[in-house]
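My questions will all concern the structure given below.
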Amino acid sequence: MAITGVMRPGHIQIRVLDLEISRKFYRDVVGLVETGTDPQGRVYFKCWDERDHNSVILRQADRAGVDFVGFRVSDRAALDGFERALKARGLATDRLPAGEMLETGERLRFTLPSGHDFELYADKTHVGNGLGLVNPPPWGADAERGIAPIRFDHCLLYGPNVQENKALFTEVLGFRLVERILGPKEAGEPELAIFLSCSHKTHDIAFVEHPEPGKLHHVSLRMASWEKVQRASDIMGMNKVSIDIGPTRHGTTRGETIYAWDPSGNRFETFAGGYEPYPDWEPITWTFDEFGHGLDFPTGKLHESFLGVVT
Amino acid sequence: MAITGVMRPGHIQIRVLDLEISRKFYRDVVGLVETGTDPQGRVYFKCWDERDHNSVILRQADRAGVDFVGFRVSDRAALDGFERALKARGLATDRLPAGEMLETGERLRFTLPSGHDFELYADKTHVGNGLGLVNPPPWGADAERGIAPIRFDHCLLYGPNVQENKALFTEVLGFRLVERILGPKEAGEPELAIFLSCSHKTHDIAFVEHPEPGKLHHVSLRMASWEKVQRASDIMGMNKVSIDIGPTRHGTTRGETIYAWDPSGNRFETFAGGYEPYPDWEPITWTFDEFGHGLDFPTGKLHESFLGVVT
Amino acid sequence: MAITGVMRPGHIQIRVLDLEISRKFYRDVVGLVETGTDPQGRVYFKCWDERDHNSVILRQADRAGVDFVGFRVSDRAALDGFERALKARGLATDRLPAGEMLETGERLRFTLPSGHDFELYADKTHVGNGLGLVNPPPWGADAERGIAPIRFDHCLLYGPNVQENKALFTEVLGFRLVERILGPKEAGEPELAIFLSCSHKTHDIAFVEHPEPGKLHHVSLRMASWEKVQRASDIMGMNKVSIDIGPTRHGTTRGETIYAWDPSGNRFETFAGGYEPYPDWEPITWTFDEFGHGLDFPTGKLHESFLGVVT
Amino acid sequence: MAITGVMRPGHIQIRVLDLEISRKFYRDVVGLVETGTDPQGRVYFKCWDERDHNSVILRQADRAGVDFVGFRVSDRAALDGFERALKARGLATDRLPAGEMLETGERLRFTLPSGHDFELYADKTHVGNGLGLVNPPPWGADAERGIAPIRFDHCLLYGPNVQENKALFTEVLGFRLVERILGPKEAGEPELAIFLSCSHKTHDIAFVEHPEPGKLHHVSLRMASWEKVQRASDIMGMNKVSIDIGPTRHGTTRGETIYAWDPSGNRFETFAGGYEPYPDWEPITWTFDEFGHGLDFPTGKLHESFLGVVT
């Protein structure tokens, strides 16, 4: 079979400071589709073109950040196989029961060397994208409500031990390195950032070396085109959303991007373009002196807020 | 590992009536990168953003059409595994030696139930996209020479026994059905067309039921955006390329498309957009009465030339 | 002053066969903004980014077509000046009182040599585009309701005596010829079609020589980009709007276009792109043998329906 | 006639510190078409889709900035009329002989209250856009050589006495105010910036109140689309052009923009989008507290370099 094992970024649970303000923001400004609230009070969203019941989950908390990230695997056998492999590697794993999250099966949870809670799961109810499976139009009303991203695309996480993360993702979880950013020559060019893919996206997850564990840099939401990225930027301006960078193009991944903050200070990205790498492709390297162009290709600027602000 | 087995459409050998006219057409109008000529006189091309040495090969012949289509597999072990599986299914397979095609390893060839010669191979030299692997710009001069597609995306083949092809691709080769077009209700809604993926593209290969075996409907070349599809249409107009349909959008796959003919009458497509399906997604079905919108979503027209003309 | 005399296409009154079906079509599918109904039962619309109260007016009638086209002039003195000039040329003119159309001042009406009723007027109430005149956002909700064109851009009218029209528009009304399409060489290359501008648009009105007087070929509605033209084509497909041609690009004017029919059979265009000519620019000529590329640049097809069907 | 008097921004003479470096920059990176060098050593360029012989002229000098800006008027009678009107207003005018600039007729020069040398002229040789006047394709090779703007669109000048400039342009030269930016409430909301049009562009020239006379803020070059603005940003990144702001959208004029500096420190803009105002439209006002969104609509940032750096 061609795509097996870990299939895709499935869900991310984000901590927000005021649930009602955040619900309105993610629903009306970001334009996600609200799909439910669970007994714990968490609010569930999906992007319009996703078929699974949920992908972005908000939890009220005292500080912003990410609770956990979950990836969907191809089937339960794969889930069991990953559990064995993780244990064999000495990682403690945990099973969260089906139903702990709405419409989601049993989840295998473990902590990454970077300090992030990470999950795998095989089951989440398909609710479809609202267009049906017979003679569907290419899009519908949900595709124009707010920014209206297509899907939860990837996330960038900050924490220590990125090399251990890399080994875990490439040796156990079937990911591969697509791009990387190196540190300064005088420091021996350590990998500051790694972009990992389990598909032929440029990244399904990415990590940046950072002393504090378990931090969120951004949640990335996929847009269909550069003109849709512009539309997102217009909607941000209309709603006085705080923008970090963009619209611009990354050198790394070639992606077209805007970074902005939600009302709790969690950064999110609206992201289009890029290229589609295959497993046999060698990774691309960005050296430290060109890091500015890797981040913001046109200007080459090293935006301080981008480098330093995480939740 | 996440992507294993059959990775991608790798090469297609097309028969052309006048090699020099065709070479000029594919190089200067379509904007492929010429990478070599072999002792048999075949001319090799790649699309600018492909990393393998070649993807579109022209052979002079008395009649137009397709000689064979080849897919790259993840490694030689996969190649051997497919050989065993195909033989176990009773298909005759053949090995073509490494080097029979330029910069290409040993190829495993067999004939599909639809009458097409089909190949798998594990090795083809990486020559890169000309931008390098260190601090690459997002594109270069080759991206604006002629139509300049990104990659050989897929092909649509016409022939008999499409259901047997479907079984072979889904049961042995690890593909899955992404979309399908049904025949009329009074005929019991047989599958007229199937779109098969080994990745998260909407199709890596597609088949249409047709009495004559081994026919080519079109070779599809990937464009980066709807504006690049327009640019392709302008270049076709400037060069008086014969256009079949488009620019328009397909209902099937949501792709943005133009179909045109090369100087030998082989149809090619310049194709952008679409969506990215995952293996757990159920296929989309187009019924016969909506087939027109599946083909040409805005107009719903059933273009006769599209349905009947193959090489 | 830089722009004086005739300023722009202001309104067009279209005959429709079923007022309620047409009102819904122009409001919900075309996405015009409904601004009123007058005592005669006429329904008034404007495009979202127009500031005047109305531009497209529907009148129920037994047969489709155009009642009249009106252009706004810079002021009442200009209106009086045109009246004198038209009378001096021997044309009968008529004054329709202010208020005969909603929110519209006195209109000077006369019949063109091509048999079309044509109007000039100096006053129509500004209602704005809904975004205000202080710190306006670039667009609002009306810009995404249906196809949502920006403005009534121009119309193409069919009738006899196009050369007399040309003389009238260029010698009296201050228009100039921007492009033209010639007939066959063996017929002496008469001007089959003329594109006239009173601004730096490629055309504010156009005429095609045709034996029957007073016919409407199409009303053109302006879109902001090629991607918005695609969005229009998607909405047409979703609503099973009958499309004549497109999306494609014209050779004449370089415009990006779709032609479709309203429920009464009146053709309308959704139109973007083109270039901005100045009064000192010499006109562009399309010869008869390249007329196909003038109409549909990529394909060069001479669409029969386009040439023959008018209302 | 509809467009008379001042027709368009025609030429701008820019001072550069190193002529050869600048010539290469404007030719190869900006992608202007070089059309000649005069006996004084000035280098002449045009944008590809302009028909006049030249629009951007470089002169080697010790400090960067603008020598003069010239607008083309409809004919010599208009030129004479403007001379009389300017003299009647008490302005000293000067006549520069035909041929002082390549392929350019007699120029009427005077100094604006803001300290800028300003010219009107009626004649400049048409050399065309290289596509011909018979059956032209929509674009050619020059449209993809470097950034390749369509035309010299407008310029923004900094200097004192902006209200006197406004009176001169609106009362004598036939311009009108399209947008304006006000100062703080506590200062009585003076007009800090005015955007003036002699056409239905949002601005043909703009002024910002500034103590030092005769300064250049930027030369604006027109792009065809938001995707072309992105392409410009990619080319800037490839060539390490120093970017001030963008890509982004202005609130004022709705324009899509990048600001960057040439090798001498002169700012230029690549500019698309916007809307097309008519003479009867009331101006749009930006208040001081929303000035950030007027400048950079998505972010609302008041970029200091934009506000302070001029040549």
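Letters A, B, C and D name the chains as they come in the text, with residue numbers starting at 1 for each one.
The rule is short, and it goes like this: a contact is a pair of C-beta atoms (placed from the backbone, for glycine too) under 8 Å apart; a residue touches a chain by one contact, two chains touch by 3 or more.
A quick note: this is a predicted structure, and the numbers were derived from the prediction, not measured.
With chains reduced to the mean position of their C-alpha atoms, the one farthest from chain A is C. Both chain A and chain C derive from one sequence, and where they touch, over half of the residue numbers involved are common to the two copies.
Mean C-alpha position of chain A lies 43 Å from that of chain D.
We define each chain's centre as the mean of its Cα atoms; on that basis chain B and chain D are separated by 48 Å.
Taking the mean of the C-alpha atoms as each chain's centre, chain C and chain D sit 31 Å apart. Residues of chain D in contact with two or more other chains: 137-138, 225-227, 234, 237, 249, 251, 293, 297. Note for the complex: chain B touches chain D at residues 137-139, 144, 225, 227, 234, 237-238.
Here chain B touches chain C in the complex through residues 226-227, 230, 233-234, 236-237, 240, 243, 246-249, 251, 256, 258, 293, 297-301, going by the rule given at the top. Those residues of chain B whose C-beta lies close enough to touch chain A in the complex are 1-8, 49, 51, 72, 74, 126, 133-138, 150, 174-176, 197-200, 224-226, 249, 251, 254, 273, 275, 278-287, 290, 293-294, 297.
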